[in-house]
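Heads up, the next two complexes both have subunit A, just with different partners, subunit B and then subunit C.
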Partner chain A sequence: MSHGPDDCNAEMRELFFETSQELLQSLNDEALKLEKNPADLECVRSIRRIVHTLKGDAAACGFRELSQTAHAMEDALALESIPLNTIAEIAFTAADTFAVMLAAYQRNADVPSSESLQKMLRKAAQDSDSEKSSEQRASTMSTGPAIWNEYEQLAIQKASAKGKHVFHVAAIIDPRCAMPIAARQLLLNALEGWGEVLATRPEAGSQKPGKKLEVLLATEKTSEELARRCRIPTVTLPEVSVQVVASPQPQPGKTNPQTELKRTDAAIAQSETGSSPAVTDPPSQGESPNTSGENVLRVDAERIDSLLDLVGELILGKSMLQQAFYELAQRFPKEAIRGRFLDAMSFQARVLSDLQRSVMKIRMVPVEQLFRRFPRLVRDVAKECGKDVELALSGQDTDLDKRLLDAIAEPLTHIVRNAVSHGIESGQERTVAGKPARGTIRLTSYHQGNQVIVEVSDDGRGIDSQKVKMKAVEKGLLTTDEATRLNEAEILDFVFRPGLSTAEEVTEISGRGVGLDVVRSVLQRLKGSVEIQTHHGKGTTFQLKLPLTLAIIKALLFHIGHRLYAIPLNAVAEIARTTESELHLVDQHEVLQLRDRVLPLIRLGSAPSDTAQSARKIFVLVISMGERKFGLIVDSLVGEEELVIKALDDRSISTDLISGASVLGDGRVVLIVNLPAVIERHARSRPGQQGTVASGFLLPTADLKLAQSKVEAQS
Partner chain B sequence: MNRELHIVGFQIGRETYGVPITSLHEIVRVPEITAVPDAPDYMEGVINLRGKIVSVIDLRKRFGATKVTAARRNRILVIEHKGKLAGLIVDSASEVLKIPAADVEDCLASFQEGGLNCVSGLGKWKGRLIILLDMAKLLESSKDKGSNQERTVENQRASASAAGASATK
Partner chain C sequence: MEQFAPVKRAKDGQPIRYLVVDDSVFARKNLARIIGTFGGQVAGEAGDGVTAITEYERIKPDIVLMDITMPQMEGIEAAEKIVVQHPEARIVMVSSVGYQENIVAALQRGARHFVQKPVKPEVLYEVIKYVLGDDATVASAAGAGV
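Presenting the complex of A and B:
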């Protein structure tokens, strides 16, 4: 096997793919900004910088097609007379094209053509006054003034106030010169002897060789002298331009027109040097990879996962130790050293939970990473549907486990698309309803207890529960009889069932009957839930509830028969004790009257076989799933424990009733119940016979048989 | 040179089966098994293998045995397949067999269907016939089969609960 350069290359490409995603995101952001505010020249400059960086990185990784396309785009953007609104359009197309190309590179597939983008660029180029711009380009390419930032402009003013000339010296390093960096230094040294160097392009310390050196020099010499000084044979080319930037008249507040930020090729000349883009960046560009690189580590997620696994094992070890200690304490109740043991153990437990929290924090990323993609999405979908929709984001800094974030990207996208295409009405409809013509979609995220909530709400037409009911009956999911008995919340629940779409017409974007059921199943897999609130005519809110993390949960352990199961503790609202005789049978469903409300029950174990057991004591775990509450009948409670969730082998275990397993301190395996699936199974099950109830969801079929065989095995 | 296959032999009923030694992770005694609800009959449950959760299939049930009795010599073969572990309960695990590749025959066409579609060949060893199993087919086919059986399981349960309830009345 040959490692080395190949490996290094692969690593670089990996890095490139990561940073390029960020670049594309900022490209989209800038384009959106530009579309909203077409006169914003700063956006255009940012776009150009982004495309340029992408070009350079792509070239460095050997992705020739991408770098060429980026180059073409950069050239086109340089044309001064392209209308700014076309630039936004071009930027959107470019972002898409680049994304497709990147994906192809990543898969090692053939790179798709960028023809549509190229065509757009060519058209834009033709539209613009080509003659004029090309002429201008020819001249600016060689001597175009660089853009000086605020600090430097201040220096210019100061120098001119002191009675010095400020010159902009631009010299071109001889391409034949073998050591361009040394040549640059030579030239700089020569100039430094003559006056004060206020600024240079490329900036001092930059390692990338640039062909051109631009210096801002405050001096008392004349421009001719300077030009002569710069002509160093074999180091610089004879064409040296020296322009006066400021004369020695104190004119505070007024800068020379040449220093004004103009949309010229200078930006290219500046960025060609590969210097940090932060020079003229607004602070909002802070997330660009170059600027914050020193304090941020890019770590493979796998390494963090293995760290988290180890912490999980440690917590397992902690409960093993605790168990052993309790046994020991029972055997030697008078042992004096017990207190010290307890102290040490509680200390260890505290450090462990700190450790767990810190490791968990590594995985946390702000939801902004996910939210950033939505402005573009909403814009596109809204445009396609001919609607005017505004997206309001809030709570972007809420932290969420990276794995969760990645997992909800798809469902969230679906919900937002739905909100735009179905939720928000057309402009006309809205005006008739007395709402502003422009629809609003809010994307919010916040913490609530041990959960993170991501909310999508629109101020659209809301979901018509009558329509849902009709659809459900029509599709045979519901009998008319049942339909009349269901309450609003139960009916709305049907939108999460497969095969139900309330959209009248099926569009390209949404309403194909797949979707919300997928959203729900994803959320269930993540041990979260999705809820829906809607007011007819006022809007709909989707609430995605997610656990803070996937790996470790606090759980309540209980027995069904002699089997041990666990449910997440935060789902349990209360625990009620009762006897079999207290249960009532309503419409073939068992219920319990708990204080002033009737609680539907789900029997996880087996139903009592005869009336003699009616006095048997049972526990009912009251769990709340959103607005609804259920009671789980369990045989006995074991206690509360912190569980490290381990995935089950999904090749062989296909049940959705169990979401995972964990190992207890004494080595026993406990299965973690997937509550939403159990509830759904309960709702689906229709007892066939009068007087029977659905039961025994969690009883393995071979339970009795197995118990028997185990006794034999032990003997 | 005569190529030899290294096979771990184990007994199910009267027959000797074999899996390639390379796919074997370890052999353990049958520990306490946590049964999984809603699973096909032969899916015994999961075990704790030094902190790892490993799902366990009873090969005897998988191959159609209806009455299975547990015994001390029963073992779980822990198989590593595609990076994941799975356990197979067998009556007993005996020996490592070295079978010359020439002595392995392709399995009969009639084996390709039905419950035994995971046989990859028949090896002859000292006058005995060793049934060689294909791990990929054994472990991957169990999923489709599982969903089939699951339905029957559900039916069974429905009738069972119906029976239980009628007894209540």
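Presenting the complex of A and C:
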């Protein structure tokens, strides 16, 4: 009859891992709060409660090491004299230790030792008042057999004088019950109304763990009734002994020491008030978002993904139907039933777009889930760098596709780390510069059109574009000649190139591993972008722009060299019609005078071979990428369409100019252009060698053909 | 998982209805699972003391399983408030050894019993039968509990 770890089935384990992550997050949050305000007892209580819950859950799942470690921590926190300023540090260490242990359980790996935490706990316990523990030890010794003291003897006499039986009830505590004091209370509850309790063992107020419960009771009931009453399952064993201590004595005693009896009462009363500290606690203000919503379902993300896939297929089906209908309508232009088809199809389209939106909404989670980890991160990095940095969060309730949220976690972490270790100056430097010694990092998120923006800004030293320029030249990424021509924004763009770091000293924290080039490539993969604004001496802002969702985009379709391409519609600011003869060359770059500004052009297809084509009509798609605008020259426009993006793996395609593909209703394949990559390629291209302009990025190449055939094969 | 002889309400033979109060979703699900093996029915759940009180009013359960440490309002206070309004309420405190004093306080304020975390199904089963007393019948099937 074991109800140990084996009972905890896989689903419960999953639930445990999920909820425990939330607990650890709360633990970090509380620890941060406590660190700011070490006298906040409410925080300490919250920490204890969190650790306590973790302990209970871990024990129920059979994760013994974790449960024991949490237990040790809970005990240590219970010591009233533990120095408050050490608790935050302990809680941080504990959160880390627990996280490592949880990860090990999850992988079914060996559980790492929690020795460093244990050591901290032991030290804290030692530092706490030693007098207290000796006092506790003394009280442990003071327990004896049921020998009634003087007052109790008098109480017995008095009761029997009142015509009552006095019984000595002795019950053995059920070995499954580890709480003798609670057991005694329950026994007293059971006897309430049954007579007068003259004495108990263990004594009122005693914390001594015992195996036996004894009560001295003055009552009119019989010993059999008492024995039955005192059998409380799981608390006392069925063998209850009830012995008569005194029998009724009919003469009323006048010499009764009333005072003594009162003292006994008082002792009990005292024990009652003394043992209820929790009731006077102010109600905790800790919020637990996951527990208040009773209607919350936890669903595996994969299930939603497969639902989303199905919706994607439906949308494909919708455009197939539309295609077929148009052909039908052309063939039978007078057919009356067309109207009904149109009605049904528009109804279907509306429901479908509602369905799509609902499914998308399921995938949306507030960015708070991601932001929550940063207070701790900033604290740790700031501490390591010896800086004073405050983190301000806002817009935490902005929703973002879960997959996107997970994907930007790493890049965002990198940027925030950089901001603390490189962006924010040392306190001294800041004071000299006339800024408050404490640096501020702001993490913000908000919607902008069809995009979600996540911003990290600091009020630090900013990025020195001169330094970037020098470094780029030094690393051979730029010739001195080019360097003089580039504007500020173009120079700043170099920080996203591989192999360029302007940090003067490489710190342990931010000088290794991924750089900003990785940040950019992750964002490009997500069809987003990263931009940077900096003011020397005032601070830097990184802006991550993300599409609302990954899987379905509204796109503009166009032809280049008889091949179909698409770009996200939200990137298109406007479409201009012009002729070849309207284009001009500046510095070997093609430009178009569009109203009052000069638009740099990117020619995706081939340049006209002879001047005879100069009257040829062309379309220019005006693309806005942050502050900058570009024009894409395309051969012809096809129209708008909702595209269900099929990801291309790296083996299908080796160019980064294409970010994905889609299949239209009629089975044609569309390649989706990776705009940031195209613009970057354009910026890097060196025209002028043969006096021709850069062009033909997307002319059919072996790569593109291969990609197309792969997608066709898949669908 | 062990199955227990189902405990039913004596008056109408219906399953015992439980209100499970704990701030840990995990603990609630765990208790619900155990209750299922008793033939009981989770009529409501609450993650804090305030919700526990409103849920009690709403569903009038036969048994309340109440955690001690919770946000908003602790289990003791919630138990006390429920008992003041409904002296017939059967509240079983569920907590670990470290909170013995709090359990004592809850018992003094009208909680009927306690079980210790991690909850052992056979212990809870005994407690439930004891707390329900004559208001419950245990199906005659053999192998009732311990």
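Observations, loosely collected:
Assume the second predicted complex is superposed on the first by the 522 of 715 C-alpha atoms of A that agree within 3 Å, B and C clash if a C-alpha of one lies under 4 Å from a C-alpha of the other, contacts with A are read in each partner's own complex, and residues count from 1 in each chain.
Convention: contacts are C-beta pairs under 8 Å (C-beta built on N, C-alpha and C of every residue); 3 or more make two chains touch, one makes a residue touch a chain.
Remember, it's a predicted structure, so these values are computed and weren't measured experimentally.
When both complexes are overlaid on chain A, the residue A:56 reaches subunit C alone and has no touch with subunit B.
In the superposition on chain A, contact of A:491 is made with neither subunit B nor subunit C. Applying the stated contact rule after C-alpha superposition, one finds that A:453 touches neither subunit B nor subunit C.
Of the two partner chains, subunit C is the only one that A:75 touches; subunit B does not reach it.
With both structures placed on the common chain, the touch criterion links A:478 to neither subunit B nor subunit C. Once chain A of one complex is fitted onto chain A of the other, the partner contacts of A:606 are limited to subunit B, with no touch recorded for subunit C. When the two structures are aligned on the shared chain, A:544 is found in touch with neither subunit B nor subunit C.
Of the two partner chains placed by superposition, A:90 touches none, neither subunit B nor subunit C.
Those residues of subunit C that touch subunit A in the shared complex are 1-2, 23-27, 29-30, 33, 45-49, 51, 68-74, 76-77, 80, 96-105, 107-109, 112-123, 126-127, 129-130. Residue ranges on subunit A touching subunit C, taken from their complex, read 1, 3, 7, 12, 15-16, 19-20, 46, 48-49, 52-53, 55-57, 59-60, 71, 74-75, 78, 176-179, 181-182, 185-186, 189, 232-235, 272, 275-279, 281, 283-288, 290-292, 294.
If you check the complex, the residues on subunit A that touch subunit B are 313, 316, 563-564, 606-611, 646-649, 651-655, 657-658, 661, 663, 667-671, 687-689, 691-703, 706, 709-710, 712-713.
For subunit B in complex with subunit A, the touching residues are 30, 32-39, 41, 43-48, 51-55, 57, 68-72, 74, 84-86, 139-140, 142-143, 146-147, 150, 153, 156-158, 160-162, 164-169.
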